[in-house]
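In the two complexes below, chain A is the common chain; its partner is chain B in one and chain C in the other.
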Partner chain A sequence: MRGMTGMEIDISGAFDPAGPDDDAQGQVPTERTAGATLLEVDDLAVEFRSDDGAVRAVDGLSYRVEAGRTLALVGESGCGKSVSSLAVMGLLPPTARVVRGSARYRGTDLLALSPAKHRAHAGTHVAMVFQDALAALNPVHTVGYQLTEALRARSGLSRREARRRAIELLDLVKVPNAAGRVDEYPHQFSGGMRQRVMIASALALDPDVLIADEPTTALDVTVQAQVLRLLAEIQAERQMGLVLITHDLGVVAGVADDVTVMYAGRAVEHAPVRDLYAAPAHPYTRALLRSVPRLDAGADGDRLPVVPGRPPVPGRVPSGCPFHPRCDMARDVCRTDVPPLADAAPERSSACFFAAELLGGARA
Partner chain B sequence: MPENPATSDDAVLEVRDLAKSYPVRQGLVLKRTTGHVQAVDGVSLALRRGRTLGLVGESGSGKSTLARVLVGIEKPTRGQVLVDGEDVSTMSRGARRELRRNVQMVFQDPYTSLNPRMSVGEIVAEPYRIHPDAVPRTGRRKAVAELLALVGLDPDHVHRYPHQFSGGQRQRIGIARALAVKPRVLVCDEPVSALDVSVQGQVINLLEDLQDELGLSYLFIAHDLAVVQHIADEVAVMYLGRVVEEGDRPAVYKCAHHPYTRALLSAVPVPDPAARSAGTELLLEGDPPSPADPPSGCRFHTRCWLARRLAAEQGLAGDGPDDVPERCRTEDPVLVPLGRGDGARGAAVPHAAACHFAHRAAAFDGRPAAVVPEDAGPDVGPDIEPDIEPDAGLDAGLDADFDPEATLDPATGRAVLRPTRPDHVTETVPDPAVLESRER
Partner chain C sequence: MGRYILRRSLLGVATLLLVMFVLHLLTTFAIQINGNPALAFFGERVPTAAQLAAVETRFGLDDPCYDQTGNPCLGPFVERLGAYAQGDFGTNLRGREVTDIVATAAPNTLKLFLVVTIVWFLLGMGLGTVAARWRGRSADHGIRLTSVLIDAFPIFVLLLVYRYVFAVPLNAWATETFGADSLPALWFRPSFDDDHSWATLLVPGILLGLAGSAAFIRLVRASQLESYAGDHVRTARSRGLHERHVVLHHVMRNSAVPVVTAVGLTFTEALAGAVITEGMMNIYGMGGVLWEAVRGTDVALVLGVVTILAAVTVAVMLVVDIAYAALDPRIRYA
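Our next item is the complex of A and B:
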């Protein structure tokens, strides 16, 4: 492809990625071996304080991020995708608190650190592209200034050096004419270009793990395809672990290696992407997959399959299996007992009492 | 063919050569007009009774602007808006108000389009203030509760405020509000874009039910082509303020002729990891140009993959944004019917595209090709064979990674590319729609 080689730049060498104000535990191996576990979230639970008492937004979420692999975190609006990521980053609003669980980055439980150390540690090694990225850019600063804010704060780069780095970062995310555009303001960038800037800024400290919260939801399909390809390229080149938060199962099919499906604040299914699409092991996953409008499906007059009902509101999660009011397989036990996330097949787990039946039925 | 053309074919809402431009102002104190944004530039469309017209196109292509002009929120700079065949600008004020009632809009952004200080009940009942005769005063409370239930919201929540709802729920509040005065036409500007797939289907099915029951007509704006395919009877594709392709839904989806439409279709993610494309999408480079300064000639030429490939075929470099056939750079293509064989026969809306080389798009992108009729469209370039074979012209100068040997995946119906084998006989892969019509 044209011009590719000129863009393969290395931004990791010029400064100490651990940074001057990193904590003592920061003896972090910088090499990334494909498949090595980078981040492990275990049984995470987050609560919000509200007038009606504490409300669980995340309630027992576990997932693992490996170097060079993409994990998709999928689920309906409000199921806790963003809140769980903010908890990992140490960026929860003051009204929220982690009530249970751990988030180990290369063995260090981030959630056990002091808030300041947590943010510093996560901010360096785990980066996040926020869901409202397009609004996150400050209109009064140039794109270049914002791109290197973290860099200047952590490694004391000179202005000139920082500007050069900003151009490299813009180049990395394929903003055309990076040198010319580094001094422009966010409003002079299109939505797709602003999203690239946000990705570039997340990559500034060469993170091990990138959490991208709905990075393409606000974009057109053509621009979405560009941005997804870009993310995949950068990830493969750096062997980053990528957590892709999305509700778009088309996007997931195109880029993910593994998928964790969330429902009402917890993981209900985990599987390699092909297995999941070939035979879901949870009725919710199955219903979600059926409801995706497909370009390749005959559309004449047929109704779109839907998941009946509505997702539960935090604080009013049904008893037993939280999915039971919407589940076409529900039985008595589902109304009283909570199904744990358990192994359903090699490399797969499901939080449904009847996962084996589902998988068996699919094979038969 | 619709059974009853007299009732379903006439246009409830029509625009002719519609244009809307906004002044671009510069300077902080003395704002001077330094140019114009041609948000919509010469669009003609017809929305038929009880039917759904899908309008797709990238961000900034002018879809929302067109919608606002259609419902009368903004005045066109040029052109006509006709309701039931009557020019709106010549209507009396009373007639125009009645029109406003009949044509309601569901807005794109559920966060800014709902007043945060009004309760849901007040929001849904708001249109009654402007159109008091739509529902008698005493029946309004009940009507609001019914509307909320209709769109899948809890009627007990009438006293809640927008911030207490999720984005998806707010979108439904907007739909309930639009339906309050019993309109005949709904202009839906991205009504399901903010919804989860699970809920998206519920709302689309709901819209379809309402259409069947009430004979509503929809202008359905969306960027998700898979969604539009589900609800639309006809489709129009916009690029930079213009309609570049239009036709009946099957024609546009199965035999797209404009390279932009084909790129849009190829960029839609397929929810199937087994069909993961190996970089075979027609990736458009860059962003859409600014409508304040549209490119010369064909507005799409700065991003057109077909023009690059044609240029390469003609021995030009085929690389830079201006390395395109001269015609693309200099001559503005008009929307012309594609002629017989492209789904035009028996179609309610003739399939048309605005591209000088529309009949070559299928041949060049490795996706299934439509069979081009002998009397191909009127605008086939002089140096181009009209009835070209889909695999012709693939020798010199084409992208190395471009493989002409497209075949259909039986499971998905999509084109998949096979690795080239020297001993392999290239077969022409006909479009499924064309096959169907041949069998008849």
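Our next item is the complex of A and C:
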């Protein structure tokens, strides 16, 4: 496993967050001590209105984002990982609402604020990188405009100064010929470059926390690696807290410090990344890990194992442990009782009745 | 961008030529089937053969092809194109230059158009934006109902009701309250007055604008709803931008392309409406002139006015096409 220390940290763009014109008002002091808790989501539950009544998309999710650390939220599509981050940002669609829980940013519960204040506060300190940069960037505005839009709206930056900052941001994310490309439009960029622009626009306000929602899913594999490396570098340089939302455990291994595995709207396992890979404490995690292709195994043409079955449709979650119909260790108790997320070992927790067994089995 | 404009301009010229040719064919067939329009010059009198021949020569109706049903009469068409190219649009039956008639009539139509455009643009953008912003709320339902109601009253019904039910009592009330020459009295005058063109155009213009706004309101609403659903709006919101800023720069700005398309379509609709409005409200404008020309079988005048109106429409469409490119970089660089 590649640790972050092995990576070159070279932020060539001379971005100076404390520059003389950095007068973004109302910002919480931005000193970030490594390990300090920046964002704490506690017991979050989100419901969608549907024709069949309310549907729980996220149910009792908790996680903590610390300065200088990367948390990966992992799960299949529809497990609630994106919805939970939209809830934190105040961007839930009108059909969804938060029914329970809190999201504290440096002590302020964002979910208790009015919608407008929530969005303004979250938008200033927590930034999001979206999956499909072509759709997520506005096609009719230049890249330069979009990079500094939020800055200008807050601080009344002059057009010229804004352009200079936009070029700095493009340099920061290593877009070649930044000065020449700042006046171009998103559709003139390649997929990887576009995602870099997306990241740069998220960094414009020097956020404390960056939530990257499947940032590399739409990209080629080689470009994926570059973009991930860039994210990791910037995160380490700025001591930001990074939340990486992904369905790909392969992506997680190189970048994350901690992993929260989600299934059917709940966290089913939480662990430091090394421990999780060494010994998963939940059958779902184990199944996911087995389905990651490996170079050192299966040379004899074995098929790649997949997690059998499908994730439950929200609103039709099975009784008991939601994973039991797909689980190869399910017993009677799994069909009737919901296993709580409980400590399984130091620093890690699992929502499986047989977590100890799983961990013990791995050690044996 | 230059090549794009050039291509569009050439397309516009071709469209105009096609329109003129179709118009020519229609009038030619009308003459061949209905008989000699030169007779209209004489009204009730019966001309001698020499008189008729002289008039036919004067209006370019002496070509034998007009007697052969089905003959497209290409000769006179080419002749007319040549004359138009030199700025000669011929004369009406009373010998007045068509260009002269248009020069006095067009300003009133332009004034009417200005009022119409301001009304429907403000109504459409305003109500459409409000309906999209508060989708599914009572404001949205109210606005959509209003737009359907407007559609249920076509412009001629609106004008008839206004002119014969409201205009006289309103005018009487305004005359009594503010005096005969006061502005309100002029507003509600049931017919056009060349000395007070703005004041007497106002109400017909507002009614025509209202009639045109209905479809425009729905289009603005629909295109903005599409923008609201876009990922880029979510991105803008995620940056903590004020909702007003998001609506202005990411919703309204992005729905500008369909809106500009609608401007072109509504323009032609308003042109058709102007003919009716001017005819019904006795406004001396392009529509009024055309209305009279058709009723009086004044071929040269009909052809001249319709050609000019077609040229204006083609020009507006060209402006719309160029506006597309200015508004959407993906078209500009395609």
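Please note the rule applied: the second predicted complex is superposed on the first by the 334 of 364 C-alpha atoms of A that agree within 3 Å, B and C clash if a C-alpha of one lies under 4 Å from a C-alpha of the other, contacts with A are read in each partner's own complex, and residues count from 1 in each chain.
We take it that a contact is a pair of C-beta atoms (placed from the backbone, for glycine too) under 8 Å apart; a residue touches a chain by one contact, two chains touch by 3 or more.
The model shown is predicted, which means the values in this text are computed figures rather than measured ones.
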Chain A residues touched - chain C or chain B, whichever exceeds: B
Which superposed partner A:273 touches (first chain B, second chain C, both, neither): first
First, second, both or neither for A:136, with chain B first and chain C second: second
Partner chain(s) touched by A:144 [first = chain B, second = chain C, both, neither]: neither
Partner chain(s) touched by A:312 [first = chain B, second = chain C, both, neither]: neither
Which superposed partner A:185 touches (first chain B, second chain C, both, neither): second
Which superposed partner A:201 touches (first chain B, second chain C, both, neither): second
Partner chain(s) touched by A:128 [first = chain B, second = chain C, both, neither]: second
Intersection of the chain A residues that touch chain B with those that touch chain C: none
Parts of chain A lying in touch with chain C, wherever the complex brings them together: 89-91, 116, 119-124, 127-128, 130, 132, 135-141, 149-150, 153, 185, 187-188, 198, 201-202, 204-205
Chain A-touching residues of chain C, taken from the complex the two chains share: 230-232, 234-243, 245, 249-250, 253-254, 256, 327-330, 333
Interfacial residue positions of chain B with respect to chain A in the complex: 58-60, 152, 166-168, 195-202, 204-205, 208, 223-227, 229-230, 249, 253, 263-265, 267-277, 279, 281, 283-288, 319, 412-414
Touching residues on chain A, where the partner in the complex is chain B: 2, 76-78, 176, 190-193, 219-226, 229, 247-254, 256, 273-274, 277-278, 287-289, 291-296, 299, 303-307, 310-311
